[in-house]
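So, here's a batch of structures to check.
What follows is subunit A paired twice: with subunit B in the first complex and subunit C in the second.
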Partner chain A sequence: MPGLRIECDVLVVGGGMAGATAALAAREGGARVVLASKAPGSTGLSGGAVSVAQDPACMPDTPFAARSGVVESARRIAATRPGHPYRLLRDRLDRLWNAIEFATGQLSAVLAPPTGRNRWILTPFGHAHPAATCHRTMAAGDLAEVRGTLLVCGFEGHLGWDPGLVASGAERVRSLGGPASRHVLLDMFRWEDGALGRPFDLARMLEAPGAAEEAGRVLRRVLARGDAAAVLPPVLGIDPEGRVADRIAAEAGIPVAEFLSDLPSVPGLRLHRAVEARLAAAGVEVLRGEVRAGAGPDLPATVGGREVVARSWVLASGRFVGGGIERRGELREGILGLPVLASEGPFADPSIRFATRPPASLTLRDSRAPQPLLAAGLRVDDALHPLDAEGRVLHPRVFAAGAVVGGHDPASDGTGMGVAMFTGWLAGRSAAGRDA
Partner chain B sequence: MAVPVRDRAYDVVVLGGGVNGAGVARDCAMRGLSVLLLEKQDLACGASGASSGMIHGGIRYMTSDRRVTEQASRDAGYIRHIAPHLTFRIPFLLPFATHEEGSRLLDRVTWYATEVYVGTYDLFQPLKGGKPSTRLSAEELYRVEPSLRPGLHGAVTLDEWGIDGQRLCVLNALSAAEHGAEVRTWTEATTLVREGGRVVAVRFRDAVTGEHGEARAGVVVNATGGWSPRFGRANGIQVPMRPGKGVHLSLDRRHGNYGIICTAVDGRQMFLMPHEMESIIGTTDDDFFGDPDDLDATADEVEYLIDGAASLVPSVRDARITRAWWGVRTTLFEYGVEEDDLSRDHRIYDHAGEGSAGLLSFVGGKLASFRAQSEELTDRVVAMLGRAVLPCRTHEVPLPGGDEVPSPRELAARHGVPEAVAARIVFRHGSLAREVLRIADDDPRMKLVVCRDEGILAAEVAWIARHEKVRRLQDLRRRCRLALGGCGGLDCARPAAQIAARELGWDADRLRAELSDLLEVGWRERRPVLDGWQLAEEELLRAVHRGLGGL
Partner chain C sequence: MSKVRSYAWLAWRAVVPHPLRALRRRGTGEERFLANYAAERLAPTSLDARAVAEAASACISCGLCESGCALRSAIPAVRSLGLHAAFRLHAKSDEMRAHGADALAACASCTGCEPLCPTGVPITRLVRLLAAR
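After this line comes the complex of A and B, so read on.
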């Protein structure tokens, strides 16, 4: 079917944060870019934070103001974590900030501009989470910035969130420079379909005409002297154009923010949609479906029934959720059949082959510890070329980005989005033949 | 903080909240004795909570221990009577893997012997309300279970009863409490107090509050199961047994509607069976002399089970295995015998000869016979106390909620909850499902479905927290399977913890500690089986609980 064949400069496999950043970075240089996306992955399930790095050396009682900035924190991770992608790319970490600014700038419809230091955002679990940036709808809840009392809100009649638990996260970091807090229940979703609504139902209810204004009036009624900002459950609209948070804030007369989301995640879907919209606007051709029969650059691959021939490939297929790395008795990369050679801790040593070892021997009993099995992925060189079992570059025009690259366990080191944006940006530029 | 609690005297102090301990406590309390039950963790934390979930008659033991089979079959019938809501039929297939029927004399003998064997078991079936066996041709076999590997030549069927073994244990303890027993979970018996060759009291420590106490006892019953050797060593008594470790695997869904009896690589019989919302592969049986508090499933145990099941149902290799779980069963001591050949009979040891008169230890037995075992033990207790008591009625008085099984459809319609959820609540609570759903009538937000995997309603979490001796969040694993299903607690652990915290007055720090503890237990069960799509689930669980929750 020659008429259906697409020839392009760059094929990006994966439509999450790493793939999108790579595609947009390549596109910026004028390259013709095709992006293959089979389904929303980790980015579409993310909770609203853009976690890049937190200082591994600082003490739990170090005040917010005394903590090192995001790039400096990444440097410290590079110095202390042998298998981490930041370590591998340590000579190029001066470009980390360019990558973060580029990616957040491309997605500025949803993401707030980063400031260089971590914001501290509350989570539903009563925890304050450090992130280089977050959704625009969350920025006003940065614990390091709120001056006055933070009002933590739940919904009367809804058991999904416990504002007392959420607020305890603020209390726990108050001595670090966080605000005082108090918590209330807003009488908003008391009627039955609201009380039983799941996050997406509530988000849609709030997008209905007049609903945000009504919510703002409810919020205004519970405000007290000294309240400086209000945080609400992360259901303030799926569509950024709906401006639900702004409308509530305008009516209530106080800055309004969401706290972070667990699953199911409204902010995750919001970010996913923003990514898709930005890719379309930038002229990236998005093909839906799995990549089959792909052997690499200059050879035809099939993506959702279309044949694609690309000069360069960026593999940004994610880890286990994305499907880039899989384990069926043995760890492997699914699209190009690459070996899984990188992990963390004792398995950061490239001479140790662990792909066939049983899962229990690739995990530690303490779930809080970084887990080598969950950090498993491709081994790459400092130009992000995947390496084969002999340590050789697979192909000079194949690059890897994001969670498919091994060596970091994002859940325990909080660098997932940072690695996605940094490696995506570098890989996208390299794939387009630009100076990275 | 060692705060002494009041010293009280009881007729009986029962050590161990497994099904035997809870069963004895219930029987003693129903006969009018004053009872204290001490359990160092939660009810059903040991072998009772890690059983295969069957009250089977024990066809395996029929030739060696016919009495065991008869007692188990009879008592399975009683359990069906006192807890009808908690049991369900599991039809088993025993496929013939031999060559074409009649092609060789040996094959014909095998067929014949199996039919005689199962046919003999049929004689016990009426005792437990089971159906007689049937013979299936190859064509019939593949029609009922297409996932079986090709080349089988037929099967015989075998009817057994499945049960939620954890709730069976919990219901016994709740019934004991209703009849006046004091049930203390998360309270460890630390020392036996002796006076003149008699055990006269038990010292204990509450692991949640740190309180210490002493309970004086007429008779002490040691039903600590796999913990007996350790308890014995600490108190200078011998409790002879051969502890054996048994491991099961859970699949994320029902892999079929029939239990399949298969043969493991070493020739042992094992099974793959649908059970509640999942399928279970079991069981290993290996001598275990380690610390029962420090167990893990090993890679070879997991492989052994998967290989055995895949020998007849190859598709289990592609199934998502959600967790491995384990327990230490106690079997009667015998030297030089293979684990499988050890008797499943039980024995009661009187420690009078060891300077510990007034102390009985229970060893061995089967889940299906727990009630009869408890009755026998209670008879011994009564004889030692030398008191006139009421007769045993544990076989005829229903367990809580066991008096009637309401229709889920009617309940769903009346209370406005999904029928699938109502069905799970009826399964777990029997007639008390009405009380559970009444909570939701009074407070509509309690209709929130907390877990769609296990059909857990907010109202059920509240009911359990109020009425079912919950002291820690992980106790809900054994009350309503919280975080046990394919979800691993992904989006239900936090809401359930919030509801429990409200009912039990936990502050935010306690709530987070309880959540951490619950999730840690789940992690230990998933570690040995992380493969395929379960790894994606694990990535999400870690992102949410470790990453976002900071737990």
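After this line comes the complex of A and C, so read on.
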């Protein structure tokens, strides 16, 4: 009943990958968990890859097979990146794989099981991206696994995806053990007035009975000898129950996969929906709305008009997209009022109170240098307790997880989902009183 | 040296000709705006419109709102433009605005878009205001 106070063991703020993993990990131990979510965050904008760690020590011309595994790569990041959450949690990195398996297992309706090594998935921009796992609909496009020619498809007359550019990403890594590739345009989705279908519309159209089969027949007509797999634009259905990729593959007689997505992202929405469905099935109470008047554990907070009192809190409110870190003149954390710090580049020294500087001064002109602004977030200790301005633990039962934690740049360093899953899993277990 | 001269020139302009011009000024701010910019078909911004534009500036063009937006009554050409393209066209001049008008007219006011916005843009308010223009 609305208006009634909810008393629970754990309040998770944020419904992205970090918050969901924390809520599910806490729930697994039997805790009563409430999750506050105001809108989809950057998990809902993700392109389909689950990036955990890519080996910083290996040369770009090292063959796929010789690159180290995901956990080993995370250890190398911990050794070389002083502010990174993997560094902070280096004594517990042996649990990283437990966290990844837990989170991907919870979302197994959408995510393919991780194998321990990175898969190589094509981006829409002509690169191959290493990811610990990816959507099930993308697994057949792993460049390290395709034996034969990879057929990259676009849609005739549609400007949204350029199969030639996508295929150039495969050519780039061919000498490292990647497959040969060629690209074609499929004659699909053409309307009389020349309009272009929006990605979400195309995905829904393919879910309709018969539509994926028709797409499979179009694909079969352009197949040539030696084609081992086909990758299509990332619009192969929003609901995994629609089994669009499987239906196309069955009709065409060749494994079918998507390449990664740009925005707007169908895979992002697919993952977001899967997260919400899993939370509901696991018995996590999801409240819609912003968290207001929240002062921390044992004190009432208002979430979408309901009063919630929780024994412990997990702050998984995201960074700039999710709104966990706000940029209003200066950087600040909006819910508990925690200080914001960056820990890369020239701002690595925590004694520099940079949060009061205008955000524009925290970017560097060299686009390849670590950008302090993009690594901005909360400082936490090795138990994921957020620290206040004096470096003290704010509260023993407040934890932070995901992009709200500073020191890594989820947009570019290829560890965003990994940090979300690992810190979410650890924080959720700790918040529920389980050993992490 | 030229830097010093430039700053001196700017300072002189701020102290002498600029206040003199202010004395000669005629008409309200709106009249002066129209005199200067009506030829370019730019309309003055009301306070209301400015508040909405500021709220809209939180848009990160992620396109998630589109997944909740059917634009059901629109012809495919307008649908492919999408509602959020309509906002962008509105930010330009009156002439550009006409292109976005079809998309705005096709909005069914279903409010399916707003809860999907990660950055909290008040999309329905925005559409209502733009459509009223």
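One rule holds in what follows: the second predicted complex is superposed on the first by the 426 of 436 C-alpha atoms of A that agree within 3 Å, B and C clash if a C-alpha of one lies under 4 Å from a C-alpha of the other, contacts with A are read in each partner's own complex, and residues count from 1 in each chain.
Going forward, contacts are C-beta pairs under 8 Å (C-beta built on N, C-alpha and C of every residue); 3 or more make two chains touch, one makes a residue touch a chain.
Computed from a predicted model, the values in this text were never measured in an experiment.
Undergrad: After the overlay on subunit A, what do you see for subunit B versus subunit C, clash or fit?
TA: With subunit A as the common anchor, subunit B and subunit C collide in the superposed model.
Undergrad: By the touch definition at the top of the document, which applies to A:304: first (subunit B), second (subunit C), both, or neither?
TA: After superposition on chain A, A:304 lies in contact with neither partner.
Undergrad: Going by the contact rule set out at the top, does A:433 touch subunit B (first), subunit C (second), both, or neither?
TA: A:433 sits against neither subunit B nor subunit C.
Undergrad: Looking at A:200, would you say it contacts subunit B, subunit C, both, or neither? Reply first, second, both or neither.
TA: A:200 contacts subunit C only, not subunit B.
Undergrad: Is A:368 in contact with subunit B, with subunit C, with both, or with neither (first, second, both, neither)?
TA: first
Undergrad: For A:47, is the partner it touches subunit B (first), subunit C (second), both, or none of the two (neither)?
TA: First partner only, subunit B.
Undergrad: Examine A:125 and indicate which partner it touches, taking first as subunit B and second as subunit C; both and neither are also allowed.
TA: It touches subunit B, and subunit C stays clear.
Undergrad: Now for A:39: first (subunit B), second (subunit C), both, or neither, which partner does it touch?
TA: Second partner only.
Undergrad: Determine, for the superposed model, which of the two partners subunit B and subunit C contacts more residues of subunit A.
TA: After superposition, B is the partner touching more of subunit A.
Undergrad: Is A:296 in contact with subunit B, with subunit C, with both, or with neither (first, second, both, neither)?
TA: neither
Undergrad: So, A:327: does it touch subunit B (first), subunit C (second), both, or neither?
TA: Once the two structures are laid over each other on A, A:327 reaches subunit B alone.
Undergrad: With the two complexes overlaid, spot the stretch of subunit B among 114-122, 366-374 or 474-482 whose C-alpha atoms clash with subunit C.
TA: Stretch clashing with the third chain: 114-122.
Undergrad: Residue overlap on subunit A between the subunit B contact set and the subunit C contact set?
TA: Common interface on subunit A, subunit B vs subunit C: 42, 45, 195-196, 263-264, 321, 323.
Undergrad: Any idea which subunit B residues touch subunit A in the complex?
TA: So the residues of subunit B touching subunit A come out as 296-299, 302, 444-450, 458, 490-491, 494-495, 498-499, 501-502, 507-509, 511-512, 515, 519-520, 523-524, 527-532, 535-536, 538-540, 542-551.
Undergrad: Which of the residues in subunit A end up touching subunit C in this complex?
TA: 38-42, 44-45, 191, 193-201, 238, 263-265, 268-269, 288, 321-323
Undergrad: Spell out the residues on subunit C that touch subunit A in their complex, using ranges where they run on.
TA: 60-64, 66-67, 75-77, 79-80, 82, 115-120
Undergrad: Spell out the residues on subunit A that touch subunit B in their complex, using ranges where they run on.
TA: For this pair, the touching residues of subunit A are 42, 45-47, 49, 51, 123-127, 129, 157-160, 162, 164-165, 167-168, 171, 192, 195-196, 260, 262-264, 319-321, 323, 326-329, 358-361, 363, 365, 367-368, 371, 373-374, 409-412, 414, 416.
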